[in-house]
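Going by the order they are written in, the chains are A, B and C; count residues from 1 in each one.
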Amino acid sequence: MAGCITTSNLSAFFGDVRAIEGVNIEIPANKITALIGPSGCGKSTFLRCLNRMHELVPGARSTGEVVWDGKDIYAPDMDATEVRRGIGMVFQKPNPFPLMSIADNVSAGLRLAGMTRNKAFISETVERSLKMAALWDEVKNKLDKPGGSLSGGQQQRLCIARALAVEPDIILMDEPCSALDPASTQKIEDTMEQLKQKYTIVIVTHNMQQAGRVSDFTGFMLTQETGEPGRLVEYGPTSKIFTMPDRKETENYITGRFG
Amino acid sequence: MSLFSSLRAKITALAKPVRGRIGDSLFTALAFLAAITIVVMMALMVYELYLVARPAISEFGAGFLTSEEWDPVNDVYGAKPFIFGTIVSSLLALLMAVPLSLGIAIFLSQFAPRWLRSQLGFVVELLAAIPSVVYGLWGIFVLAPFLGDTIEPWFVDYLGWIPLFAGPVYGVGLFTAGVILAIMILPTISAISRESMQNVPSDQKEAAQALGATPWETVRMSVLPLARPGIIGAIILGLGRALGETMAVTMVIGNSPKIPESIFAPAYTIASVIASEFAEVTAGLHQAALVELALILLVITLLLNLLARLLVQKTGRRASKTRSKRA
Amino acid sequence: MISTLHRQRRNFISNAAYLFCALSAVIALIPLILILAYVILQGASALSIEFLTQLPKPVGETGGGMGNAIVGSLMLIGIASVLGLPIGVLAGTFLAEYRSPRLSWTVRLLADILSGVPSIIVGVFVYTLLVLTIGHFSALAGGVALAILMLPTVARTTEEMLRMVPDSLREASLALGISRWRTIVSIVIKTAGGGIMTGIMLALARIAGETAPLLFTALGSRTWPTGIDKPVASLPVQIYQYAISPYADWHAQAWAGSLVLVLMVLILSVGSKLYFGRKMRSVR
């Protein structure tokens, strides 16, 4: 069920400012692909182009092709909200719906899609998603408590469960652990390892060690000078990028010569 | 930069240590007195009104609230028609104003393009700047005839079998008062609702969008629940304004101290009867009864105001609470 | 998993909601345009120099004007300002500059409550206070009623504007040995001046249009103002009395009066925001 996603000459703009330019990348199915690079290089902007969240910013637009399972998601006949259901996202700051119960949070996407009548199906899906997000054991006895009552790490796993419940092909993660403590980070990294068997995962992270730990493929992005748009400098299997990168800039970044 | 250096020159010129302490005490006392004035004023208001209303309060007791008799000739007074008119006209106004106000608030905070937002918001606020007496003038000569010739007969023709919508139709009446009140409270409700909606953190909206929600579903799922206390506060504040609105209502409600049979019949509100009859009170309890009405209205608006402020504060607090938890 | 039919229905609902919201904005504009149009059209045709400068003619005669009402309104606004501005600004200064948590909370709460009290009740209150006791209606009573109405706005705006002045300015002044009160008056209030003026203009715009509180304080008159202890005509009250009268000539004059009143109010509220907004921006 998992999908692959390929971009051709993807550039993104905020008004007149070009944030990223000419990104060509082939993200394979059922693998974890990490995007690393210094802050401001456009990794998050690129990620948001993959599920058409970028265009929601007033004045923002993108050019180029993003092909998901054979279809360009920016084609005029493609429904953006449908794209976002099939390509899910977990954000940097956990954002569960604070007034909804834990169960309702997970099933939010299902209820949007109109699955309200089949109560059995909903509770099965809630349980399955929470288990996949490694949160079930901690919340199974308090599913009706509000989503805002959990700790930061639990909230993030709740958001992951919420994204999983709608059965996307691809899950995008925008620095999902940067607001969390090491223990929660560990739990989530373990979860990602389980998830890739069913889904494709693309993760943006500024933590190089994390990229090295969890990902199969890594892309390195960079802005050459201030004011320049971000570009994809190098992309390949993680082991190669971290031990024998082709480009000098990649090597400099990996070895910590600049942040 | 030049402002700072001119301030610095001023400061140096002022740095004379001599009469500072007396000046400080005097100024502090003045400021304190000014602040106290507000407190004293409010207390005095309730007290004075109570004093003047007392003869009527002791004469009619609790029956004042339930009696329908308003008879200056025989010096018998009852508040029921006015309480009825006040509440019903305001509820009518809310019925019409709330959906529109929320629609405007949602449009301005969620859907409208940036360049339109401030222009349109400004124009809606313009409605709030027009004086009540001008609304009333327009009401008498434009709105009432229009409603009496077109809208109200339509209702009577199609729904007149329901006593609520029966004729005869005068143009002025409870319904017209409701319409004009709706126009007047629209800016209040929409402005405060809009602020509550804008206070909802944007990552809540993103969460819904990332799940594939349509723009309306995003509003319904992430914005409205969190903005709800503020919206309710806005509605209550609007209600408070409608209850106390005087001139425009006096000019279009028909001024009839009876409980109307249908919403197209003339009626009276507390504020209107005070405005109409106060300057020409007959001897006896007439004035005291009017002041007792004023007291009732004061208490109602006081309580509503308190309730509304508490609710509007709650959205601000909740928004900052969810923000600080992430940090 | 999700049918396209269902997706179409959801999109349809979303578009319908968008349409409703946009329509609400349009519907809200209609009364505004209609009111302004009528005021301008009807008012302009009855407006004349005679209207602006003459006294009202006796009942039944056509012609005359609202000269005394315009002067009366200005007089009442003047009295209200003399009474309300110092108290309002000082109260706002107290709230912003002096630490007294319980009192400040009470004052703020009561100021907010006062701003929600219907203006006619304020009129009744001032009647019991100043008209019953003195024995007759007066411009002073009208001015006091308007002053009470402007207090909350002036006080809260002053407080907000003073709070925006950075503490470093106060500290710099105090460290140079300038007394507290001088600091507040000559430095802090001066700096916040533009914003405070905006608040004052907006408060004036509000009371300029008030009718109800004047009905039984200043009452009204058909002559030029003769003193603050006598009744005085005012534009809003005159408009009201003419509007409910049976004479067509008076109705026309009511429209003209409305035009003058609306212009006054709009110039005060819009003009103040533009002018002082610009001034505030240049200060920063």
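Rule of thumb we're sticking to: contacts are C-beta pairs under 8 Å (C-beta built on N, C-alpha and C of every residue); 3 or more make two chains touch, one makes a residue touch a chain.
All figures in this text were calculated on a predicted structure; none of them were measured in a lab.
**Student:** For the interfaces A-C and A-B, which has the higher count of C-beta pairs in contact?
**Tutor:** A-B is joined by more C-beta pairs in contact.
**Student:** Select the chain whose centre, defined as the mean of its C-alpha atoms, is least distant from the mean of all protein C-alpha atoms.
**Tutor:** Answer by centroid distance: B.
**Student:** With chain centres taken as the means of their Cα atoms, state the distance from chain B to chain C in Å.
**Tutor:** 15
**Student:** What whole-Å value do you get for the distance between chain A and chain C if each is reduced to the mean of its CA atoms?
**Tutor:** Computed from C-alpha means, the inter-chain centre distance equals 53 Å.
**Student:** Using CA atom averages as chain centres, what separation in Å is found between chain A and chain B?
**Tutor:** 47
**Student:** Going by the contact rule already set, what residues in chain C reach two or more other chains?
**Tutor:** 10-11, in rising order.
**Student:** Hey, what residues on chain B touch two or more of the other chains?
**Tutor:** Residue numbers touching two or more other chains: 214, 217.
**Student:** Got the chain A residues that touch at least 2 other chains?
**Tutor:** In chain A, 81-82, 85, 112-113 touch at least two other chains.
**Student:** For the complex, which residues does chain A have touching chain B?
**Tutor:** 51, 53, 56, 58, 81-86, 88-89, 91, 93-100, 108-109, 112-113, 148, 152, 159, 162-163, 166, 179
**Student:** Going by the contact rule at the top, pick out the chain B residues touching chain C in the complex.
**Tutor:** 3, 7, 10-12, 14-15, 17, 19-21, 23-24, 26-28, 30-39, 41-42, 44-45, 48-49, 51-52, 99-104, 106-108, 110-112, 120, 123-124, 126-127, 129-138, 140-142, 183, 186, 190, 214-217, 219, 237, 240-241, 243-247, 251, 271, 274-275, 278-279, 290-291, 294, 297-298, 301-302, 304-306, 309
**Student:** Quick check on the complex: what are the chain C residues that touch chain A?
**Tutor:** 1-2, 6-7, 10-11
**Student:** Give every residue of chain B touching chain A within the complex, in rising order.
**Tutor:** Where chain B meets chain A, its residues are 113-114, 203-204, 206-214, 217, 221-222, 225-226, 322, 325-326.
**Student:** If we count contacts the way the header does, which residues on chain A are in touch with chain C in the complex?
**Tutor:** Touch residues, chain A against chain C: 79, 81-82, 85, 112-114, 167.
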